[in-house]
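Below, each structure is written out as structure tokens.
Shared between the two complexes below is chain A, which has chain B as its partner in the first and chain C in the second.
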Partner chain A sequence: MKRIATLLAMVLGLALAQEVHLMWSGAITGPTSDAGKYYAQGVEDYCRYANAEGLTGGLKIVCETRDDQYNNANTQRNFEEALERGDPAFLGYSTGGTLQLKPLIQEVGMTFIPASYHIGNIDPPNNDYVFLPIASYSEQVIALLEYIAKEKPGAKVALAVHPSPFGRAPVPDAKKAAAQLGIKIVEVQEMTKGLDYTATLKRFANEGVEYIVYQNVAGPVATMVKDAKRLGLNIKHAGAHYAGGPDLLRLAGDAAEGFIWVTSYYMPDEDVPAAAFVRKLGKMYQRPADTLESVHYPSGMLAAAIAIEAIKRAHKAGKPVTGDAGRAAVYQQMLGLDFDPGLAVGPVTYSKTDHVGVDKLRVLKAQGGKFVPVSEPFQSKLFRKVHYGK
Partner chain B sequence: MTYFLQLVISGLVVGSIYALAALGFVLIYKSSRVINFAHGQFIAVGAFVVYALVAYLGVNVWLALLLSLVSTALLGFLVEKLFLKPLVGQPIISVIMVTIGLASLIDGLVHLTPLGGGNFSLPKFLPEGGIAFLGVSVSYPQVLAVFLTAVFLLAFGWFFQRSTLGAAMRAVADDQMAAMSLGVSVEHVFALAWAAAGITAAAAGFIVGTISGINLEGLVAIGLRVFPVVILGGLDSIPGAVIGGIIIGVLENLATGYLDPLVPGGGTSEVFPFLVLLLVLWFKPHGLFGTEEIERV
Partner chain C sequence: MRNVWAETGNYKTDYRQDSSIFATRLEQLSLIGFLLALFLLPLFLSRTQMFVADLIVIYALAVLGLNIITGYAGLINIGQAAFMGVGAYTAALLAPGLPFWLTIPIGGLVAALAGAVVGIPSLRIKHLYLAIATLAFQVIFEWIVGHSPLLKQGGAIPMPRVVFLGYRVGYKNHYYFWYFVALVVLILLAFAFRNLLRTRFGRALVAVRDNDRAADAMGMHPGLTKIFAFALGAFYAGVAGGLYAYFSRAVVIEDYMLPVSIKFLAMAIVGGLGSLPGSFFGPAFLVLLDLNMEDFANWMKRLGLSYAGVDIASAMRPLTFGLVIVLFLVFEPRGLANWWRLVRNYFKNWPFRY
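Up next, the complex of A and B:
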């Protein structure tokens, strides 16, 4: 009888709980859907888990994942729909979509958490309401250059970047950092997805390039490292968050051995509570093996966790969590957010001047078919020096 | 000199993959004057069928390729029967819109499977490394690409020149009304062309998947990348597809090798072949080997 009463109370509680909508708009299909698909699943699963485990402060968070097909117009439509409905925060995705929406985000004052770690998302102008979940691409690339400078002082480096704002984002800071580290950036090459990179690689080899640092997606990087192996080139490869990871291992196989990668997330097979939690959620919600292996799955979880925590805190503070007042209340909570959802290598901390959640990164290296950490979590001081001048 | 040779050889190899991907495009246009905007999706389906058979059912890679060729031939045949046949005699824009819709439909269907949106690669079935000569290196998947392109080219060459069905297809391509008056089943020819295009698409998908991994967007992109190839070679010319593919492949590589260092950020391989294409079309508006259609009033 007692059990039935408890169950009834829970069901009634959930039914009566205030509903708060939280939308994610990203590429479940179309370009970059190899990341977006798993990111969306991460958002969905963390949301279900948070509701089921009472991590929402008595609210019922209704998460919606929308496929914008990597199309900015669709992202904007979804954002406007969320705005009209009174959502207090928005989970975004692409660099282009975020940069395009920045003026509107600023105008309406909606907390916006993208999957793009472009530093321009949180740089002025119109940067008050955009919050990166983890360190920016610029900081990631500089962290790699710092690692390279330690491994091979005075190394000759080529940057191979995606031909888009996403790819070009870290280039100016990387050039400044390289000058300070005594590294020579020989060339910045924009590279799309191709079938053969012999010409690029041979040219790099002729220029004496020793390291290629990628700010790209895993597909072209995999072909590049495979071609470099076939050509027998003595060049090492390193990449920022979206350039490496399990996707790269799957596509490049043995050729990825030795690839240096930087990210703020744990690997799915690591023996740490964060990875165990991600595996638990994946199994709980019957996700396939490729989801559990993807680094984009915990990335989606982290974005959802940040937004839900801010909404919960606003609600607990007795503030409204929907409409204009809800947006303002959630934003105020974001500015002081300091918590550890246990999904990345450091806690999430935001302030008025710091719009990067997890400030720490780790360098990993592909060894024996998996990425293993070769550094402790750290923050790049050099990034702050070259980007902010402090 | 070795550098130049490497760029040219690599360009030839990439060009032969473009040619293989472009063959199906040309086959359809040649017989039915339809531009198939879903060709990239056919390429993707071919690669995914091979991967699914190998990864989920443990089928041998070569047998999987064979089954994939059959599957995409069947897909092409069914697409023609279900979607294109009712449009015979309708404005060409309607047909084009149907192929664009078909592309979206196939994209959506692939995304409903566990394969949509992921990155996959076939298990190793070729030896490591590749062939090296005169300081030039070509990987085994690339050798396979050249071999498959040559096989398909010879097979289609023989088919069109020597077989009765091939002659019927040529007749339909030349003049549909005249062919019909001679008792050639135009409907049958159209369906056969779509099936043949499906076969070449699967072969191209298999090769691209082997070289750069299996991902829907990447495979579909190859289908779009062959547009300049077929326009350069001539939309209705099989030798044109091969030569156009090779020219584009070599130009891309030479641009990367020699022009990229002169341009900040590089990326000239994306532009330079199009400049050459524009130049060629200035003098040869129907492409290098396309049929020059002269209408007299």
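Up next, the complex of A and C:
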């Protein structure tokens, strides 16, 4: 009887709770949807879990995932809809969509958490309200160079980047960092979906390249890694967050063996509470195995967790959490956010001058068909120096 | 005595009447009524709905330009988004120093210049080969933007808010303001093109499309006509690009890439190639179809409708987009404009059948 009463009270409480909408707009179909669909599921599932477990401070967070098909106009329409409805924060996705929305985000003061870790999202101008969940691509690439410098001092490196702002952004910082690390960047090659990279790889080999560092998506990286194996080249491969992970293993198979990867997330098969939590949620909400294996699933969870935590804190502080005042209150909470949702290798910390949530990264290596950590969580030593000059 | 308001059918007795814009007074009146309704539309729409209305009007302008090149002049163009991008980037570079009513037409002119240059291969090649030449322009455009620090390598160039005759545009009235601007521009350019079609330059476009050798034999210059078509179509796209830049508050390369060119082609086909009203129907139909399919997909998702783990809801939008194009190509290659023609003829002849 007591159980039923408690359950009824919970259901009634949830029904009477103030509703706050939180929208995610990203690619569930179209380009990069191989990442976006899992990211969306992560947002949905964390939101359901937070509501069910009372992690919302008595609010009912209604999470809505929208498929913008990697189309900036759709992203903008979704953002406008969220703004008009009075949502206090917005979860974004692509680099282009975020860069395009920055002037509007700045004008309306909406907290914006993208899935793109492009440094330009949080660089001036119009950068006050954009918050990266984890370290930027630029920091990831520099962290890789730092690792390479330790493994092979004076190594010759080629950068293979996506032909877009997403791919190109880390290049200037990487060049500066390489100069300080004593690494030689032999070539910067832009690469999109290619069928064969024999010519590129042969050129790299002739130039004495020892490492290729990718800032790209897994598809083209897998093709190049497979071609390198086919050609029998003695070149090591390393990549930033979207270049590697289980997606790469699936696409490249055993050719990915030895791939060096940097990210802030745990692997699904690791024996740590964060991975267990992700597995638990995936099973609880009956997600298929490929969702549980994807690193984008916890990425979506982390973005949702950050927004929900800020909304919850604003509500607990007695501030409104919808409309103009709600946006301002949630932004104020974001500026002082310091918590550990247990989804990544470090806590989420933001301040007025620090718009990167999880600062820590880990280097992992593909061994026996899975990525295993080869470093403890660390923060790039050089990134702040080369990018901000401090 | 003939009552001009109660005419059924066409009673044209000379060539002057044949080249008139409106067949009947009622047609003229219905267009004025429709335009009036378009100007009153913002009274009934929310900001998000205005966003969609803006998008349709701007896309209609770009598709009208594509229709001039592909529909009227018969020159396949897969680079319309790049022409739009030329206008957008020109407007973005000039925006800090010039008002929008100068940057947008200048953007159109620069795009027209690019169009004339891209049109040069059309003097020698046509059909699929010309399509590849325009595709090459699209790729070159993307490469230049991607490697140009001046253009932020494809990253965002923010667009300033505008002030027009003392009226300051902020985020609350942004989409309303740009709706009126884009609508006025669209009406002016559509009328300009409709009038052009009545001149020898306009007739030359159609003649060259139907048979360029015959057009040549009749004293027209097929080469210049083709370059003129490219320049004019690119001008429309450039103006649309300038409007899109201000409307979206930033210029980002992704808005002017190949998939957008393909989308414009789809809009032109669905609307009706070689038809002025088709240039408006295509964008309106595909944009609204996508929105409705999104709602339908969300509804399916809420109901949890899926089969064998396949996310049917998410697949609905791309599936419908592809299906609609195929169905139109197979069953109605003249597009929505043909349906519009049939409806118009029905009312024009009413109460008679024909």
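Operating definition for what follows: the second predicted complex is superposed on the first by the 390 of 390 C-alpha atoms of A that agree within 3 Å, B and C clash if a C-alpha of one lies under 4 Å from a C-alpha of the other, contacts with A are read in each partner's own complex, and residues count from 1 in each chain.
Here, a residue touches a chain if its C-beta (ideal position, glycine included) is under 8 Å from a C-beta of that chain, and two chains touch if they have at least 3 such contacts.
No experiment lies behind these values; they were computed from the predicted model shown.
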item: When chain B and chain C are modelled together on chain A, clash or fit; value: clash
item: Contacts of A:P103 with chain B and chain C, given as first, second, both or neither; value: second
item: Touching partner for A:L231 - first (chain B), second (chain C), both, neither; value: first
item: First (chain B), second (chain C), both or neither touched by A:P165; value: second
item: First, second, both or neither for A:P288, with chain B first and chain C second; value: both
item: Which of chain B and chain C A:D324 touches, first, second, both or neither; value: neither
item: Chain B versus chain C as contact partner of A:N206, first or second or both or neither; value: first
item: Partner chain(s) touched by A:T223 [first = chain B, second = chain C, both, neither]; value: first
item: Which superposed partner A:E84 touches (first chain B, second chain C, both, neither); value: second
item: Chain B versus chain C as contact partner of A:N72, first or second or both or neither; value: second
item: Contact residues of chain A, present in both the chain B and the chain C interface; value: 28-30, 37, 163, 168, 190, 288
item: Chain A-touching residues of chain B, taken from the complex the two chains share; value: 3, 6-7, 10, 13-14, 17, 107-108, 111, 114, 116-121, 124, 128-130, 137, 139, 142, 208, 211-213, 215-218, 221-222, 252-254, 256-257, 260-261, 264-267, 269-270
item: Contact footprint of chain B on chain A as seen in their complex; value: 28-34, 36-37, 163, 168, 187-196, 198-200, 202-203, 206, 218-220, 222-223, 226-227, 230-232, 247, 250-251, 253-254, 288, 290
item: Chain C residues within the chain A interface of the complex; value: 46-48, 51-52, 55, 146, 152-156, 158-159, 170-171, 175, 248-250, 252-255, 294, 297, 309, 311, 314-315, 317-318
item: Chain C partner contacts - residues on chain A that touch it in the complex; value: 28-30, 37, 66-67, 69, 72-73, 76-77, 80-81, 83-84, 94, 96-97, 99-104, 107-108, 120, 125-126, 163-165, 168-169, 190, 288
